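Two complexes follow with subunit A in common, the first pairing it with subunit B and the second with subunit C.
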Partner chain A sequence: MTAEQLQALLPIIMMASTSVIVMLVVAFIPRHSVISSVTVLGFILTFASLSWTGEVGQGLQVTPLIVVDRFALFYSALLLLASLVITLLSFNYFTKGSGSENQVEPGEFYILLTTATLGAMVLVSSNHFASLFVGMELLGISLYVLVAYLSHYRQGRQGSLEAGLKYLVLSGVASAILLFGIALLYAEFGVLGFGQLGALWSNIGALNGIYAMAGLGLLLAGICFKLSLIPFHMWTPDVYEGAPVMATAYIATISKGAVFVLFLRFFMVSGAFMQEMANNLLILIAIASMLGGNLLALMQSNVSRILAYSSIAHMGYLLVVLLVANTGNVPVSTISESVGFYLVAYIITTLGAFGVMAVRSNMLDTRDTDQVADYKGLFWHSPWLASVLTGMLLSLAGMPLTAGFIAKFYIITMGVEGLKWLLVSTLIIGSAIGLYYYIRIIIVMFMRHDEEPITGKRDRAVSTIDGLVLAALAGVLIWLGVYPGPMIGVIQAAFPG
Partner chain B sequence: MILAWLLLIPFIGGLVAWLADRKKLVDPALVTLATLLLDLLIVIGFYFTRDAPIEISGQQWMAVLELAWIPRFGIGFVLALDGLGLLMVLLTLFLGVVAVLSSWQEINHRKGFFYFNILWTMSGVIGVFTSLDLFLFFFFWEVMLIPMYFIIGVFGHENRIYAAIKFFIFTQASGLLMLLAIIALVYFHHQSSGVVTFNYFELLGAELSASVAYWLMLGFFIAFITKLPGVPLHTWLPDAHTQAPTAGSVILAGVLLKTGAYGLIRFAVPLFPEASAEFAPVAMSLGAVSIIYAAAMAFAQTDIKRLIAYTSVSHMGFVLLGVYAGNETAARGAVMTMLAHGMTSAALFAFAGAIGQRIHTRDMRQMGGFWRSAPRMGAIVLFFSVAALGMPGLANFVGEFLVLLGAFKANMLLTCIAAIGLILAPVYSLIVIQRIFHGKRLVEKPIPDVTTRETVMMLMMIVVTVGLGVFPQPVMELMASSLDLLPVVAFNDEAGMVSQ
Partner chain C sequence: MIAIPVEHCLLLSVMLFCLGLLGVLVRRNIIFVLMSMEIMLNAIGLAFVSGGARWGQADGQVMFLLVITLAAAEVAIGLALVLQLYQRYRTLDIETISKMKG
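== the complex of A and B ==
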């Protein structure tokens, strides 16, 4: 390994060191504020180190497993910022529990946040099945614990344990399926790198071997599980509901984002999108997810579950962009740009929505503040919180002035340019259905309490950190919605080399 | 720059109104009134001091503002004002003032948030009437929805949440179809010309195959006819109107419905002239059906606001008929009807609100004999009812007469059907007077007559209605430059749809 490669690897090394340091801090100075500050510092330094990787040019292959290119660096930056937001918002969520009889110092939570982010960074830099699997497991195993994290406190949350186990078992099976798919592909082609696979595929044209087809199918199934696309979505609502709210936010943004970025790279580098079979399967999955996610969300009365189903639908929208690729009408760079903008918008929006929930929740309660009824009249006693959540929900619904609108605009544009009328029509129908459950939450927040008695919880004051983080998220949301030009430029530069 | 200020003043005014209420500094209603009057003054001042018209692709514009916005997609921040736009902006601001006056006493809680929403709706609507970049237009089209949704959903009557959600989903879902049509239009224009742009002037000349143009035209048409509203996409309107607070109804009926008609005149027809000509018989039939069906429905209502809502559908049917009749007379009539209907429906809704405030019901079965205790109010309502039924000398007559005159040349049968609406209009208009002001008095307490504030507000509208009715020429000239260059004028003979 040359010094140049080592330098390119710096962010991943920094992140790994952060994990170790946080672990040591947890062991020797077990104070919540110290642990939290060290974690925040670790994320900031790692973020800064992204600009010290030296000139990576068209992408620098570091061992056959990892590639460092502008694409990887951009998404690492995005995921690190999201992790930073989650760490900052977690602080008060856990502080509310301290000082009481079951004083807790949630050190492990922070260690796991850093290891999970390490996994996510490996995923976005991976162009090899081995690093894919390592990254995915690093992320997954950290998440099992994060999801079940609140179950070991005395008044323990049953839901958290249940969610953790469910996620562990199902995700474990999905990993096994994914691994089996990789094994079959290896048996057929004898290579594990995306690029090598792509070269072989472009030589033989359409896949016809039974191993190859089964392998690709199983691989897609494993990835679709992580993205909670229908029919691999069963775990999503339960896990979203049971997990502590910041862990949910992590799954919804970083975990799904990183897996989708990996999926995108795999698609582009290996040329899997040229395979008829993969394409047809994904069309079905996309349509089922767009319709199913939105329809199932209609029946929920829990905000976490609504967001869970809405995330299914949103992942379905994103798939539309990938499916445009094989038409050849749209350059691959534009596909990458659309996915990039959508992910940025989606991550900001989802973080904001869960952020408001986190600010209003307390780890010591038997559940998070996530019933729709908990939000009744919120606007009249906490106007700023309610405004932020309203903005986030409107963004998810794709209303103008918010980043979600530009993101949806991107997807429809891609669909039209690829002449995928069926997918675009489904998207429109799905979005129209989706409006109902988003604005239902909004109207509940604006209900007048001079007539209806307040059933929603009153809040204590929002801490300065939480306030600043939420304000920043809302600011970026509107900035991207009103003047997206600069961000588009940044994303355009982040093209896999 | 003046155009940007037109938008920004209500936008900023809304924030000021909200903050003023939170800090308990000034009455937000006063802030709102001042903001709207300032904006109105600027428009009027601009009209009298404007420079020579600017010509873009054969059309005359009083002012144009073009800034780059999202160059990646060829999206610009393009605002422009012509005669039609000016009339619509004036109508918007005028009715905004009326709306504020009519809700002066109705809204007592959370006034800041209420007036914030009123002003932001105004800002969105002015944006719709001035933007000439299709992306920007869609942007404002959606933006004006959200504050209106809050006005209905938060400040409305008993069934407001149902009504607000229905209103939102109808308009938003049809808007998504329009977005799809806009993007597809840009894509096909890009295919033929190699330029990616959302600019209206450039898209006007887009070369499209006939079937593509037809589908895209439908996308626009559905969005606009939902807002207009025309049968069969009108069902959100009676609910939204009935449940909205008075100011909400005034703005909905007077201004928001006009955005649908404006969209047809500015976008749906000029962008797809041939497809529109082909589609015109269907559109005109929908217009005729709207006129008759909604008039019959109006007669059957017992809820006063629901009744007025259905009359709106009926009157907007004339606009639909006029826009698609394909000649200048009918198009002028359509715009005139838009203005006239803006006045009368706003006045009638303001009056329904005034009655509601006095006796706390909208049910006409519980009203009666009000003339004795409130003669002035009765006279004013009688004036607007008579205006709505199309009395010669008042604005509505001019509009509806021109529509029928023009449409007769295009399609005799449909025009004859539509003309039946003129017979039905007196029936439902006069039944209002009959039920509310005549007959036995069902409420024990005599109801108070109009206050000075209400009188001033109504007088303003009476002056405009009479003015437009007896002296429509200046307005006709103002709109002519916008309509002259519409392809709508030309397609009648080409398409040969003069029916027997």
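== the complex of A and C ==
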């Protein structure tokens, strides 16, 4: 390995060393504030190191496994910032439980955040099945523990254990399905790199042969599970509800974002988008997710579950962009640009919504503050929190002046240019249904009520850190909605080489 | 030495994989669910190794090593959660803890 390649790997190396350092800090200085600060510092330094990777140009292949290009660097930056936000918001979520008898310092939570982010960074830079596998499992296994994290406290949450076990079994099965797909493709074609696979497939044309088709189908099914697309969505609402809210935010943003970025790269580089079978399967999945996600969300009375079903629908919208690739009407750079903007908007919005929930929740309660009823009258006693949540929900619904509008505009434009009328009309119907449940939460927040909140406790004052983070998220949301030019410029510079 | 055709190995691994998947779907005892997942992972290992043998590459075996690592990590976390489950509910039946619906 040359010095140039080592330099390109610097962010991943930094992230891995952060995990080790945080682990040592947890062992020797087990104080929450120290652990949290070291983690934040690690994320910031890793973020800074993204600009020291040297000139990677069209992409530098480091060993056959990892490719460092502007695409990978851009998404690494996005995921690192999201992890940073989650770390900052976690601090108060866990501090609020302190002072009680059996307080345990939540050090492991921070270690797992760093290892999961390392997995996500490997995932967005991978163009080989082995690194895909390693990244996905590094992310997945850290998440199993993050989801079940609150189950060992004495007052413990039942939901956390249940969600952890469900996620472990279902996600484990999905990983196995994905891997079996890879194994069949390997047995059939004898290559593991996306590029080599693409070269082979472009010679063959349409895949025939049972093992090749089964392999591609299983691979897609595994990825759709990780993105919680219908019909592989069963785990999502339960895990969102049971997991501690910061772990939920992590799954919703970083885990799904990283897997989608990987999917985009795989789909384009391997030429899977030219396969008729893959496209037909994904069209069905996208339509089912856009309609099903929005319809099922209507029946929920829990904000976490509503956001879970809404994330199913949003991943369905994103699939539309991938499905226009085979028409040839839209260049790859434009596809990558719309996915990029959509993911940026989606991650900011979801982080904001879960952030408000985290600010109002306490790790020692038997559940997070996530019933719709808990938000009744929020506007009248914490107007700022209610305004931030309103902004986030409007952005999820795709209202103008928010980032979500521009993002949805991109997707509809793509769909129209690709002449995918069925998909575009489903998207519009889905968004219309979606308005109903987003607005319902907003209306509940503006209802006046005089009695005590249902949870029987008043909100504590929002800490400075949480306030600043939420304000920053809301600011970026509006900024991207009103003046998206600079961000689009950044995203345009980053497309897969 | 008689070479075993790659199709036979793949067929065996498909059968093992389906058995494991069936086990995960029908078993109620969490330990058996975890064991069924191990069967699925071993089926994957077999498919990788037979693929590697077919193409005469080491890649299949490297992937097999990674799969074993995954299996070990997954089962370690699985068993930790099983201990929590048993301490709290005195049961290993996954139906008893499934409260969330909808």
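Operating definition for what follows: the second predicted complex is superposed on the first by the 489 of 497 C-alpha atoms of A that agree within 3 Å, B and C clash if a C-alpha of one lies under 4 Å from a C-alpha of the other, contacts with A are read in each partner's own complex, and residues count from 1 in each chain.
To be clear about the criterion, a contact is a pair of C-beta atoms (placed from the backbone, for glycine too) under 8 Å apart; a residue touches a chain by one contact, two chains touch by 3 or more.
Just so it is clear, the model here is predicted, and its values are computed rather than measured.
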item: Subunit B or subunit C, by number of subunit A residues touched; value: C
item: Contacts of A:Arg305 with subunit B and subunit C, given as first, second, both or neither; value: second
item: Contacts of A:Ala313 with subunit B and subunit C, given as first, second, both or neither; value: neither
item: First, second, both or neither for A:Arg448, with subunit B first and subunit C second; value: first
item: Subunit B versus subunit C as contact partner of A:Phe409, first or second or both or neither; value: first
item: Which superposed partner A:Ser175 touches (first subunit B, second subunit C, both, neither); value: second
item: First, second, both or neither for A:Ile428, with subunit B first and subunit C second; value: first
item: Contacts of A:Asp238 with subunit B and subunit C, given as first, second, both or neither; value: second
item: Contact set on subunit B toward subunit A in their complex; value: 69-73, 109-110, 135, 138-140, 142-143, 146, 149-150, 153-154, 161, 164-165, 168-169, 172-173, 176-177, 179-180, 183-184, 187
item: Contact set on subunit A toward subunit C in their complex; value: 129-130, 133-134, 137, 141, 144-145, 148, 151-152, 156, 158-159, 161-166, 168-169, 172-173, 175-176, 179-180, 182-184, 186-188, 190, 192, 211, 237-238, 241-242, 299-300, 305
item: Interface residues, subunit C side, partner subunit A - complex; value: 6, 10, 13, 17, 20-21, 24, 30, 33-34, 37, 40-41, 43-44, 47-48, 50-52, 54-55, 57, 59-60, 62-63, 66-67, 70, 73-74, 77-78, 81, 84-85, 88, 94, 97-100, 102
item: Partner subunit B, residues of subunit A touching it in the complex; value: 380, 394, 399-401, 405-406, 409, 412-413, 416-417, 424, 428, 431-432, 435-436, 439-440, 443, 446-448, 450, 483-485, 488, 492
